[in-house]
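Following: one structure in structure tokens, then a few remarks.
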Amino acid sequence: MPIIEIHMARGRTVTQKRELVAGVTDAVVAALGVRADQVRILIDELAPEHFAVSGKTTGQRLGNTEALAGACEPASANSIVQNEGSLL
Amino acid sequence: MPIIEIHMARGRTVTQKRELVAGVTDAVVAALGVRADQVRILIDELAPEHFAVSGKTTGQRLGNTEALAGACEPASANSIVQNEGSLL
Amino acid sequence: MPIIEIHMARGRTVTQKRELVAGVTDAVVAALGVRADQVRILIDELAPEHFAVSGKTTGQRLGNTEALAGACEPASANSIVQNEGSLL
Amino acid sequence: MPIIEIHMARGRTVTQKRELVAGVTDAVVAALGVRADQVRILIDELAPEHFAVSGKTTGQRLGNTEALAGACEPASANSIVQNEGSLL
Amino acid sequence: MPIIEIHMARGRTVTQKRELVAGVTDAVVAALGVRADQVRILIDELAPEHFAVSGKTTGQRLGNTEALAGACEPASANSIVQNEGSLL
Amino acid sequence: MPIIEIHMARGRTVTQKRELVAGVTDAVVAALGVRADQVRILIDELAPEHFAVSGKTTGQRLGNTEALAGACEPASANSIVQNEGSLL
């Protein structure tokens, strides 16, 4: 059965996602002794205004003031991911 | 740890989302005695055809007949949120 | 209360989604004896690179090599759904 | 793929759960045209103090004052389900 | 609609849970302008071996060696919550 | 951020769970380039009557007829896990 949901910041490449599901599947197979075809993975990508720590969204931490003009999601998703190491 | 997922209708502004995560974080800190930086919040926005009560989607209740022409999501998300008080 | 989350491949029509929530609501009412207005359903649609079995995404199984050029989501969602019977 | 999570009040019988998953699976197959073996269902049962509407838990609405003495979950789960038709 | 899932460490009292759902509901009402009866909250409690940061479970960080003897969940949930301020 | 929910059959040992979260964390770190302390994992264990494929619960597939006598969860969780390789 194992069914795995991964919530992560928007902006990873297709290559990164494929490496992610391959690696996580291998880890689940090794730890639980199931077959790889029993492992299902769902990825949920979150926009910068859809994830918060300490009561502030990622967009807010990065100073996305343009987002306040009305857009539902700021455009700078990639820069957020590049900064994620120090931020999240 | 507290990790909080909020499922809500699509269409809120960035300002509303930031007030939401600030207020919910404060409430969690006050009730559970954790630090604010331990609280993580994920927002999941739902299109009008992706939420249903009584077996009918929000789009269906609002009479979004144009949606039947093939579009995956009707454009009138904002009007739905404005009507949400009486609908949902 | 029953609250139901449905994770499925992106690409179904509005008509299919409305039939889905109507049918699932009827089934829940029949089995649990709740009222239809107590049943809430949330639909979560997954792009081809956001669902994986056996460590490979749906996009990967279908040979979406163009996705590797950098796009976050390949455009061929509909063809994936058409093939789902044999794939997923 | 369809993967379905059902959140519901604790206390249903095994027979009800089996009828539930059979009926929901049939509804998904009929609406989406997938095979039954592609449909996975996960049930999440909620204790009376783990579900709230209007800022009050189910246990609170039913006057489970004994719960305040320290038990993590009141024992009267069955009576709650019997009352659910009028409550939730 | 807002439907909110709260994942947290096992061991809070009923009083804390009721304060939690009351406070979170108020915060959602204030930020989104919905009615309180539109807000539903689900609580998911996690045992010490069911939550991990940095690849280690909470039980592992607290040195629950007795858990390795075969029990599915160590008994010391309360001590974990008391230590959560410095741990999680 | 990555936050990962793992839904799996009840019955794994503490050792298996610790190997699972260690391995999955390593895989996420390798694929996404985040730090290990940014990775959070939540485990959700499912009883045999709480997971279904093809409209039948795991308990039903294994012939847990005693479950019909009224118990909410059959006792034979371990045997189910041992059979999972051929079942799920």
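Which chain is which? They are A, B, C, D, E and F, in the order written, and residues in each are numbered from 1.
The criterion applied here is as follows: a contact is a pair of C-beta atoms (placed from the backbone, for glycine too) under 8 Å apart; a residue touches a chain by one contact, two chains touch by 3 or more.
Bear in mind the structure is a predicted one, so any value in this text is a computation, not a measurement.
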Chain-contact steps, minimal, separating chain F from chain C: 2
Set of chains adjacent to chain D and to chain F: A, E
Fitting chain C to chain D on CA atoms, where both chains share a sequence, rotation angle to nearest 5 degrees: 180
Pair joined by the larger number of C-beta contacts - A-F, B-F: A-F
Separation of mean Cα positions, chain E and chain D [Å, integer]: 19
Distance between chain centroids, defined by C-alpha means - chain B, chain E (Å): 22
Multi-chain contact sites of chain C, meaning residues that touch two or more partners: 1, 3, 7, 24, 26, 40, 42, 44, 46, 51
Chain-to-chain touches, reported pairwise for every pair that qualifies: A-B, A-C, A-D, A-F, B-C, B-E, B-F, C-D, C-E, D-E, D-F, E-F
Residues of chain F defined as touching chain A within the complex: 1-9, 12, 16, 19-20, 23-24, 26-28, 30-35, 38, 46, 51, 84-85, 88
In the complex with chain A, residue positions of chain D that touch it: 1, 3, 40, 42
Chain C to chain B touching residues, read off their complex: 10-11, 13-15, 17-18, 21-22, 24-26, 36-37, 39-45
Residue ranges of chain E touching chain F (in the complex, touch as defined): 7, 44, 46, 49-57, 59-60, 67-68, 70-72, 74
